[in-house]
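In the two complexes that follow, chain A is the common piece, with chain B as its partner first and chain C second.
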Partner chain A sequence: MSALARNARVVRALGMRSVRQTFRRPQLMAPIVVFPTLLLAIQTGGAGSAVELPGFPPVQSFLQFMLAGAMMQSLMLAGNSGGIALAVDLEMGFTDRLFTAPIPRFAIVLGRLAGTAALGLLASLWFLAIGLLFGAEIHSGLAGALIAVFLVTATAMAVGGIGAAIALRTGSASVVQGLFPLVLVILFLSTAFFPEGLMIEPARTIAAYNPLSFVVEGIRNPIIADVDGGELLEAVLAIAGIVALGLALSARALRHRLRVG
Partner chain B sequence: MEGVARVPQWRANLATIAALMARSRNELARVPGAAIPGLLAPTIFFLGLNGVFGALIQLRGFEANAYESFLVPVSMLQGAGFTGAASGVNLARDIEQGWTDRLLVSPAPRWVLLAGNVLGAGTRALLPATFVLLIALALGASWPGVAGLLVTYAMVVAMAAVAACWGSALALRFESQSAAPLMQAGTMALILFTPAYAPLTLLQPWLRSVAEANPVTEVLEAARQGFVGGVDWAGTWPGLLALLGLLAVLGAWALREMRRTAR
Partner chain C sequence: MPAASGAIVVEGLERRFGDVLAVRGVDLEVGEGEIYGFLGPNGAGKTTTVRMLTTLLLPSGGSATVAGHDVVREARAVRSSIGVALQEAALDPLMTGRELIRLQATLQGLPGGEGRRRADALLGRVGLTAAADRRVGGYSGGMKRRLDLAAALVHGPRVLFLDEPTTGLDPVSRKTIWEEVRALNDEGTTVFLTTQYLEEADRLADRVGIIDSGRIVAGGTPESLKAEIGHPHIELQLAEGSIALAEEVCAAVGRLLPPRDGRTVLVEVENGAADIPRAVRALDEAGIAVESLELVRPTLDDVFVAKTGYHLEEEDGEAERGAVPA
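Let's turn to the complex of A and B:
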């Protein structure tokens, strides 16, 4: 078996373990599915009249507009949950045992990220299904849905990289869990839940520069309109930036952990 | 036994409740980090929702002079909900670590043990509520007046007690901290499936129906009175009645679970 195939098997096994772990523990699953679904229902029902505001982009319904925000929230929390699970593995010594196994170190982190990506994929399918079930249309059809699913999955992996880096650096589940409010702050300061032009200052200005706004607009675009190449490119570039940051931080944190133990 | 003064039962009960409440308060000093999510989450929701949905106030039918004023009672109640749910998580941890077993073999009545946990949550809820209120006032929320403030705080304390009954019942049923998401999601749903983001008339029809059936809508409307208008008895008693009903039902459930656990 080639080294590449062997590493792919390791990544797959660790990814599957990560997904199963999330399904087994309600405290990891709830933030990914239950809370975003609850908030989607509450915000859609509570602020649905917002589509009548002057300046609101043309949409079929507020639910259609909010789907991208719900997916974004879910994937961000999936990244956070992945970080918590990795930190628990570190606390319990499981990761140390993996470090002594004859497998490359990057495969250990990549396995966790593959699991987070799989959860992002599941989340995107879940919210697309909910949207369709409650009458939201995917404007760009199947191709648009696939673009949204791809972007959500890639972003989950990218955000998971940052969660993994923090877990590797601190080795503490409670520290990673403490980032939960920060995830909410970053989300609120993006265009995940409302159009930028209708947000109140200073949230509007921050949202204009928040990389997550580019990602969320990329996910939302095919759901509410025809695919716009420019928005898609901006989303891909923003994801690439988050991936690069996550990789750099993870590599550094991993080196630090291996050095100091 | 001669020579030993018997402590009346009611005084012993009060002393036990006070001791359990003090233990609950001490946790704030011993583990300040544990209080941060309860403090931060409603504050982040308040600031975030205000920044995001603030423009809703431009909609026809929105009768409030500032979105901050409309939203702050929701965040105060949310803080109460998080605090109450956290007391359920703490009880689950106590069960896992065997501390509750020791309490259950003490001669203290079950309702006293439950009351200590529930009232402890009520007093702890004052902290996030005050924190969010100060931030909202600094951002321009209307001053609710002394009567308005008292009604709001009464609703907050009682709502935390309701959430603590819910959290305690679940903790005693599942005997595991894994039930924490259910505790938090339950209180979150109860508080937010109301006219939390917009008045009843502006809600989507399905949410309006849910909100009209949800007793916490009356609690929220009572807590909101001072911030968006005047306070009167007609706007207050439905909230009090709703809280009494919720406390009776969830308190009875939690007590039943405690008796089952003891058996």
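Let's turn to the complex of A and C:
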């Protein structure tokens, strides 16, 4: 077996463990599925007439508009939950088992991210199913749905990298958990739940430069309109930036952990 | 078993945490097929040393090789050669025992089929077949340690590191672990065992090293260490009468040791059991009534006391400094 195949097998095994861990620990699953679903139901039910505001993008329904926001919230919390789970592994010494195995140490992070990506995939399918069930159309059809699923999955992995880096640096589940409100603040300062054109300053400017806005618009675009190559490219670049940041911070945190023990 | 070069060679190993030098120039050598007992109280530097030898922590100074590989420059090769069961059993309570061992097999690069076979065999070996599909969170302390040990063995390591493998276990579970360690050693596995239980080191280890405040203060076979610190002593408890008179009589039999209380006389004898009749006759002739008399051979605790100046309390694992009269 080649080294690459062997490492891929390790990443897959660790990713599967990560997914199983999430399903077996309700407190990790709830933020990924239950909270975003409830928020989607409340917002859609309570603020559905927002689509009639001047400047609101043309959409079939408010639910159609909100699906991307719900997916973003879910994947952000999946990344946060992944960070918490990694920190718990550090606290209980499970990562020592991994660090003493003859595998590249980065496979440990990639395994965790593979699990987070799988959760992102499941979340995207869940919200697309909910949208279709309650009458939302996927404007660009199957191709658009696949683009949305791909972007959500990739973003979950990217955000998970940031969570993993914080977990590796601090080794504390409570610190990672403490970032939960911050995740929501960053998300609310994007176009996840409200169109940029209807925001007031300074939120409007912040949202315009928030990388998450580019990702949200990339996910939303094929759901509410024909696929726009420019928006898709911007989303992919934003995700690539978050991936690069997460991996760089994780690599640095891993080195630090080996130094301090 | 005599030490031979090979399995673990440590020279001047140091580890600093800020201003604290936790491990101060440790030198030791463990031969192939040996069980080496690393003995010391909490905070002595045992776990820090093990973490460096298992590549979990970079040394601040010195060098170490495990299975012939440098722990810094050839860390990956070291990791392929070792099995590790750390102090707190590093288990995921949400996994089943079978899932954990299969994951460990994957981490060690075993092909799927072989990994599954090894997992089943090891679960059977440590008596966990019936519990293999239960989540680890529901296991007892002894079951967790046995699972941890099985996971450490999945790839047939040359060197096995066990960091306080029986701490907190009941006597039956402790004995089971001891038997398994002995069996593994009989199969040729070198075992580096840290412990704060003197009995554990005495029963299992071919050689022991005593570490205190980050330094090795003694090393050798348990028997040689005991012999080094002195001869057996007779311990007699007086039923009645003057301890001063008893001591005067016993002084003719051997060397008096500092008394422990007002009713016990301790006298070191050169010839062991052969000196007992002489002591009994002398006491009888002096009319001293004795409640009990026994020959006490030196233990590792005596060695520990002689080398560090305090007892290694076995009950709660805490060292009791300053408890020994000077």
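Rule of thumb we're sticking to: the second predicted complex is superposed on the first by the 261 of 261 C-alpha atoms of A that agree within 3 Å, B and C clash if a C-alpha of one lies under 4 Å from a C-alpha of the other, contacts with A are read in each partner's own complex, and residues count from 1 in each chain.
Keep in mind that, in the parts below, contacts are C-beta pairs under 8 Å (C-beta built on N, C-alpha and C of every residue); 3 or more make two chains touch, one makes a residue touch a chain.
These numbers were taken from a predicted model, which means no experiment stands behind them.
Trainee: I'd like to know which partner A:9 touches here: chain B for first, chain C for second, both or neither.
Mentor: second
Trainee: Of chain B and chain C, which one contacts the greater number of residues in chain A?
Mentor: B
Trainee: So in the superposed three-chain picture, is A:181 touching just chain B, just chain C, both, or none of them (first/second/both/neither)?
Mentor: In the superposition, A:181 touches chain B alone.
Trainee: Who does A:226 touch here: chain B (first), chain C (second), both, or neither?
Mentor: Touch status of A:226: no partner.
Trainee: Quick check for you: in the superposed arrangement, does A:203 touch first (chain B), second (chain C), both or neither?
Mentor: A:203 contacts chain B only, not chain C.
Trainee: Once chain A of both complexes is superposed, is A:50 in touch with chain B (first), chain C (second), both, or neither?
Mentor: A:50 sits against chain B, while chain C stays out of touch.
Trainee: Between chain B and chain C, whom does A:193 touch in the aligned arrangement: first, second, both, or neither?
Mentor: first
Trainee: Using the touch definition from the top, say if A:17 reaches chain B (first), chain C (second), both or neither.
Mentor: Second partner only, chain C.
Trainee: Look at A:103 in the shared chain and tell me whether it touches chain B only, chain C only, both, or neither; answer first, second, both or neither.
Mentor: A:103 sits against chain C, while chain B stays out of touch.
Trainee: Which chain A residues are contacted by chain C in one complex and by chain B in the other?
Mentor: 25
Trainee: Which chain A residues qualify as touching chain C in the complex?
Mentor: Touching chain C: residues 1, 6, 9-10, 13-14, 17, 20-21, 24-25, 89, 92-103, 258-261 of chain A.
Trainee: For chain C, which residues count as touching chain A in their complex?
Mentor: Residues of chain C touching chain A: 17, 48, 51, 54-58, 76-77, 79-80, 82, 84, 86, 88-92, 94-95, 99, 103-104, 106-109, 111, 135, 151.
Trainee: Using the touch rule from the top, collect the residues of chain A that touch chain B in their complex.
Mentor: 25-27, 29-31, 34-35, 38-39, 41-50, 52-53, 174, 178, 180-181, 184-185, 187-189, 193-194, 198-200, 202-204
Trainee: How about chain B: which of its residues touch chain A in the complex?
Mentor: 33, 36-37, 40-41, 44-45, 47-56, 58-59, 177-182, 184-185, 188-189, 192-193, 195-198, 202-204, 206-207, 210
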